[in-house]
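What follows is a set of structures to go through.
One chain, chain A, appears in both complexes that follow, with chain B as partner in the first and chain C in the second.
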Partner chain A sequence: MGRYALKRVSLMLVTLFLITLMCFVLIRMLPPAELPMNDPHTKVVQARREAAGYNKPYLVQFWIFLRNIFTKGDWGVSDVLYFGQEVSTIFVSKLPATMVVNLYSIVLSIPIGIAFGIWAALKKNTITDDIISTFTMALISVPSFVYAFVIQYVFAYKLGWFPFLMKQGTDWFSWAMFKSMIPAVLSLSLGVIAGFTRTTRAELTEVLTSEFMLLARTKGLTKVQATVRHALKNCMVIIVPSIFGEFISILSGSLIIEKLFSIPGVGMLYLNSINGRDYPMFMLLTVFYTAIGLVAAIVVDISYGFIDPRIRMGSRK
Partner chain B sequence: MKKLMAVLLIAVLVLGTVFAKGMTENQQTATTTTAAETTVQFDSTKEYVYKDSVSTMATNWNPHTYQTSDDSYPADFIRAGLYTFLFNDESRPVEGKEPYAGYVIVPEMAAEMPVDVTEKVKAEHPEFGIPESATAGYAYVIDLNPLAQWQDGTPINADTYVESMKRLLDPKLLNYRATDYYSQSLSIAGAEGYANSGNSVRKVNSADGEAMDYQIADLVKGADGVYTTPEGYVCYFGLNEGYAWLSGNALSLYNAYGYVPAATWEAISPLADEDGFVPVTDESIAILFGFTGSADWGFETKEQLGYYVSYDFSYPEVDFSTVGIMKTGEYQITLVLSKALAGFNLLYNLSSNWIVEPKLYDACLTESEGVWSSTYNTSVETTLSYGPYIMTDYQADKHMRFEKNPNWYGWTDGKHTYVDPYDGKTYTLYQTTAVDTQVVAEAATRKLMFLKGELMGYGLQAEDYDTYRNSEYCYATPSETIYFLILNGYKDAIESREAADNFDTSKYDLQTLTILNFRKAVAVTYDKELFAATVSPARSGGYGIIGTAYLYDPETGSRYRDTDQAKKALCDFYSIDISKYASLDDAVASITGYDPVTAKALYAEAFKEALELGYITDADNDGVCDQTIQIEYSMSSDSDFMTRTINYLNEKMNEVTEGTPFAGKIVFVKSAPYGNDWSNKIKNGLADTVLAGWSGSAFDPFSLTDLYVNPSYQYDAQWFDATTIQMTLTVNGETLTTDLRTWSDALNGTTVTIGDKEYCFGSEIADVNTRLDILSALEGQFLQTYDYLPMLQNGSMALLSQQVYRVVEEYNPIMGRGGIAYMKYNYDETEWAAYVAAQGGELKY
Partner chain C sequence: MSSNEVYKDMDPSLFEFASRDGEIRDTKFETKARGYLADALVRFKKNRASVIGAWIILALLLYSVISPILSPYTINDRDKYYVNYPPFVRWIADLHIGIFDGGAIHESQNEVSMAQWRAVAEETGMDPVLKILGTTTTVSMYRGQERVSVTYKIKTNKYYEQGMIFRVFSYEDFEKIQQYQNETGIQIIYPYVESSDIQDINNANIWYKVSDSRGTPVYDADGNFIPAYSKNKAKEGAPYNSIRIEGDDGSYIYSMQKSGAVQCRICYYNYYTYVYGHEPMFLMGTNSMGMDLFGAIGIGSRFSLIFALLVSVINLTLGAIYGSIQGYYGGAVDMLMDRFADLLAGVPFTVVTVLFQLHLAPKVGIVPSFLFAFVSTGWLGMAALTRKQFYRFKGQEFVLAARTLGASDKRLMFKHVFPNSLGTIVTSCALVIPSVIRSETTLTYLGIVNIQDFAGTTLGTLMSQGQTSMTSSPHAMFFPALYFALLLISFNLFGNGLRDAFNPSTRGVED
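On to the complex of A and B.
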């Protein structure tokens, strides 16, 4: 397992390097944002581009890019969105808000989603299953910003239980902050809950009809014991990787939800950096998300071995 | 006895001293009491928070580098100009103005009004190049407010101003706002040279389209055949350069629209480098002049080729001592300008400020690969205030908060007061104790928060107007633009369109649109206020070419539309008989732009003319036009607004033409979405109408006339030549006749020849009444073309929270409604929370 993990990490680094190189070259091949003549900022941006080697071969430019990262931790300076400010500082300042909101969402969604999925599977083809399945389909089909508006209107405006917007500040784990995040967390969670419910129900339904479950019951286990000890464990091979999939979305944030609840996160940053052609910001975000995606893939793969001992990673046989 | 006398004397002295002391104390108390009575102090234990929202939060409010209006948001709270605007009230009345109908300009960070020292500086500092003939307007001594200090108590003195300017113009920092101090009205001597010291730039030969740096005849041909300036700077024709001579447009744009002959472009474009610059050679001169000197381009002279020239220029290395800002006292600076500036314009330009805290500023600078960046004014830690508030919290893209600056001189200097028109008492400005601003991106959320009492204002959206436009808390704010319906009058283009194979002249007609009576009829077909209420409720009806927000005298805030001349121009155009009304105001108030009786008569008249001209037919002699007059609306992109507009135009047209030969025969149709090409379609007669408008400087309505006489700007240049229309006016007892273009040029400062005499009616040259006479006469002439039918006065509407009220309800183009300085509170925070709860948590507006 250790060698396998090492090999995967090595491959991941190579992949990350190649993706970064490709993105970098493609971005530098694009025409840079036009600079108005006789604008003093034009001179500043031109000077920055000169320093970044814009008039040099792409590989030299890439070398300068890597050199600045590894020797100075310098990912560049924002040309458009946060003029003159370091993109890494901006990014780091925005990541916690996205992570915390989505973390709460995941923490809320997984147990509820799995619980509903189990319930629906155990009550398969009953009215309970029908109701849960209908709600699941409805929640999956409707975009999260629709719930967001409804939640904001009902809970913040009509009932006044929660504030309209996420609280300002960086006290991420205070009660006031948590309370202010609830509408956003709910908006994000409903779809995720539905997703987990559907996945769990589908897997569990299938497992519950397996022969080994019949064997478990015949050897004297109660239905609950058989479900928890055997059926659910089998389902986890599918459910756990999807949890990691959700983890990636934790970091990417949600554009609409962040906008609606005024969450100062990274959700809008990626889109704005593309629209605003703020290439230093875009490169940082690209490298970060690529790295997160690759790490998540390794973790998912390795997790199979822990969840199901029959799966052996890197085995020569 | 002596002892008794001594005791008595001592007793008298003691009593006298005590009495005198008591008198002094009593007098002081009385004075204090008087002062306390004159200015009402707000209860300092109460909290008054202005809860604001923005769609985009400021990211950089450094006065040297900020770019957007979002970034300038904190400036009103944390900074102050050398001079500021205060409302005209009982304590500072403006002659001839009702209280709160105007404003006064007073020293703020300055101690006194600027003193003109042009003659003195000209004699003592010839290095600043003040023209020999100049006697005023080039140099000013400004005494600084000695009470001003940074929020940490550091004094702000002359050094602060000089050092800040030095950093602003520092050539290595390349600050975005540096050009504000040399390329605009306020141009500090030597600022351009220092800001560009040692740099090479490519300069345009004529920055304003009038004066040239070098005449063509002055250029020197080099050995390689390329012309240079006498100093040796290489000259170019810039094909992609937006020259002032071309109203900021580039030759390549004219080529794109087919104005430049293909042969010319094919000959000159291969000579250009990748940026579109063609070296000036005999060959390029011959090619370009072959076009600009032709009839197609208006027979320009060879000398006028200089307007298409750019040249490389290297700024010599200079130091900061060459810049026209000097410390002439601990609290005194002298500003030397390269262009004369005086009066309102000088004070207005000095109502913003360039100062930064030098130590903090320098600490925020970083250099990488020769490029400098600054984090000054990007966070609480890098922000020092000297205004009424300090920044206490900032979270990027989320929240900012400002609280009262205890070190602001304005709380105690007795100058920052106003008289409340509601109770006649005097108050200190800025009752607001804190400004709390959040990013709320969605209008729907803003509305809910506002109705919950969590925001102070809410800008109405289209769906809100029916509900809130008549609310007592709703405020309308006009802006400069008038939107008019432009009517196509380009006969050649219309004939070409009708001649196209796919145009069925038996069913449709376009030419009738060019008949004057038809255009007059359209002009009185629509009720402007109803139109505004239907298609764009935030706006109001538009009646003239010049909108209601323009000030002809910014020193007093007097508006053009309020003048008798402007009112008469409207009455003349709308055929209002002033003698039938009690006053001119009543006559103007009666104008709706809607006269169905006259419209029907004009349509009938137009029908006869169109028949005679053969534009339309009436084969069955039923008195109804056989063709449909199809008016294509030049649309940039489709929208609900477009649909509402077209539907309204058609609906009202059908109502008014009922019973006329054009009943049901005039139809507005949407064009294809033309994108940015919509204006070219109109200008070239390829579409027939559009709702469009101009806006200009709110302080200069006079300059708007150029937009209607200058082919570079005119929408109707292809069918209206302002040089062919004569206008006669009596000016100072002289009867003068000349064309509209010449009148406009003279009004805007050009010396023109009328008859055999020279005249100029520019600002500060002619008296304002003469200028108003000319402006209103020109406006009347432009309206009489019926090329532009005024429809909408641009504006917006917003609700104001019940927690506050405005001291001044009428909008002022310069001061708005007083902003945060004049905001008064009906409830403090505690009272407001109780009030909102008492309303069930949902407020009614």
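On to the complex of A and C.
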């Protein structure tokens, strides 16, 4: 197990390194942003570019880039959006908004999703199951911005229960802030709820028909006891790793939802850096998103092994 | 004691041979034999949701082909005034059943604006007020006196509401419009009103005497408006020989001098009819660009559908070849190719698109580079699927037999193993299409990729345009979003049904 994990992590690091190198070269090949003439920061940015080796070969630039990150935590300075400011500082300042919104969404959606999944599985092939499955299907097929529109229109505009956009400020856990986040949280959650419902339903229907369930009922357990103690435990093997995966991706946020509800988070920053052609910012976020994706995949894979001893990872077939 | 001894006392004559001469063979099937495809079709038809999905897809495809043809507008017909206007079709609106009447709600309209609606109705003959939904009476103290003010909540027809506008024409255009008026009897040009006569209000819809700059009308003894049309012949722009309004003794002027041209007061609804040759008709309203949504959705979805089809064909081919090689050879080749695929899979799709847009778009154009972006990582899923199928089939006897007979690697791969995985591959195509449409629309919605110049518009662009005016005109977001949602849901239903039908063993296992 340990060896397998080690192998996966080292492979991931190599992959991350190669992707970073690839993106770095591709980004640096583009002409850097023009600097305004009479801005006091222009000189600073120019000096920083000089130090980052903008005129040297790409591999040398990459070496300097990596060295700066590991020795000083320096990712360069923003040259369009936040002119002359450290990219990493801006990035860190954007993290809380994304994390708080996504955290609420996960805390809300996991129990609801699993509950609906169990309900649908227990009532398999009834009208309840059909309704739940249809909704799940629809929510999974359609991207979140479509139902974000409905939520925004109905709850924020027609009914006026919530503000249109997220409140400004940094009081992340105040009531007003929470209230202003609700439409965004709902829009984010629906997709996640549907995902968990589908996984739980599929797994549980599979488990419910297996022989040990029959045995459990034969030895005298009630249906509830058998389902909770035996069936649920077994389908958690699939569900728990995906919960871990979800928790890691709370960092990444959603470009669309953050744009729609103007959440000052990472996704919004990413979108702005793309549309504004802020290459140093884009580079940092590219590495960040790549890393999140890779780490989430690994955590999911490795957690299978920890949760279910029957799954032997990395053993030779 | 053997069994022979037990039965030795039995009389052999009791037994007779069941068949001595006849051959033993299975009874022939009385039903017709069914092939793989027919079998799949039967299973598919049993899945009601998928069949419905298939019909919806067909309807949507039909829509995207037909609607731009049916729509009287092209994608470039963008009206400056009819922007974000609700659905309107004249002959349905005339039925007064509350649909397609261009209706919009106006809150708290005071007497002055109510008078203005009335004036528009009287002058153009088209009453913008559809319904008074409610009245609010407020009593306030003003300079020691009680003053009662009534405000109305009304539903108006936005198309009629536009009423009059001022517009400058060249002399020739002015002549042409007059000719058109004479031929059709539709009055476009109305008598000119000078703003100096109406308390300097710059509003083309006020043609009556007003008492203050807010536009409070002055009524005559019967409660009618008193016309304030200009009779200032000295300032008349050009001679007018066409329809005159009722009550005009020939003294009203219909145009105003404007350095080498004439300025007129025109009824916009009729002017629109003159320009386009037909009355405004928007089955789904207009969006924030003034486009006809009915046609625009068709045009936008055309691009999405063709693009998605193209992408999935390319991806399936690439992925199938890559996966075949990987799965067939296995071992070190498999591992190396797998690492390469992992590397590509690790790059977030947004990054891929953006990099392609930045590097390739200036050289080969936006759409090809967008296509490359989809192709560059899109085949990974297909490759993994094919690889799995190859691992399943390559060790089986029929492959060994073919190999013994001297079949080459290529022949083994594509003639013997690959056809076995065809079912899986073809069915997954039906699920690749919606996922491509989904990412394409998301990217155009976010404005990361802008393909309006090529495709006219896209569903994503339409939705982001609708988003900007969501509260005032939800229909501009609603219709594209509805089409989009239906398309994705029906494709997914259809794809799932197809997969279940072709691979009964994976039934119920999602993804």
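Here is the rule we go by: the second predicted complex is superposed on the first by the 263 of 317 C-alpha atoms of A that agree within 3 Å, B and C clash if a C-alpha of one lies under 4 Å from a C-alpha of the other, contacts with A are read in each partner's own complex, and residues count from 1 in each chain.
Just so it is clear, a contact is a pair of C-beta atoms (placed from the backbone, for glycine too) under 8 Å apart; a residue touches a chain by one contact, two chains touch by 3 or more.
Small disclaimer: the values here were computed from a predicted structure and weren't measured.
Participant: Please indicate which partner A:Ile90 is in contact with in the superposed arrangement: first for chain B, second for chain C, both, or neither.
Facilitator: first
Participant: A:Lys259 contacts which: chain B (first), chain C (second), both, neither?
Facilitator: both
Participant: According to the stated criteria, A:Asp301 is in contact with first (chain B), second (chain C), both, or neither; which is it?
Facilitator: Neither partner.
Participant: Should A:Tyr153 be classified as contacting the first partner (chain B), the second (chain C), both, or neither?
Facilitator: It touches chain B and chain C both.
Participant: Considering only the touch criterion stated at the top, classify A:Leu81 as touching first (chain B), second (chain C), both, or neither.
Facilitator: Touch status of A:Leu81: first partner only.
Participant: Is A:Leu165 contacted by the first partner chain B, the second partner chain C, both or neither?
Facilitator: first
Participant: Which chain A residues contact chain B in one complex and chain C in the other?
Facilitator: 149, 152-153, 157, 259-260
Participant: Can you list the residues on chain A that touch chain B in the complex?
Facilitator: So the residues of chain A touching chain B come out as 37-41, 43-44, 47-48, 50-51, 74, 77, 81-85, 90, 93-94, 149, 152-153, 156-157, 160, 164-165, 168-170, 259-260, 262, 264, 268.
Participant: For the complex, give me every residue of chain A touching chain C.
Facilitator: Per the touch definition, chain A meets chain C at residues 11, 15-16, 18-19, 22-23, 26-27, 29-30, 134, 137-138, 140-143, 145-146, 149, 152-153, 157, 198-199, 202, 205-206, 255-256, 259-260, 270-271, 274-275, 282, 286, 289-290, 293-294.
Participant: For the complex, which residues does chain B have touching chain A?
Facilitator: Chain B reaches chain A through residues 59-60, 65, 67, 174-176, 178-179, 195, 199, 201, 241-242, 368-375, 378, 393, 395-399, 438-442, 444-445, 448-449, 451-452, 454, 841-842.
Participant: Help me check something: in the complex, which residues belonging to chain C touch chain A?
Facilitator: Those in contact with chain A are residues 49, 339, 342-343, 346-348, 350-351, 354-355, 358-359, 434, 438, 441-442, 445-448, 463, 467, 470-471, 474, 477, 481, 484-485, 488-489, 491-493, 496, 508-510.
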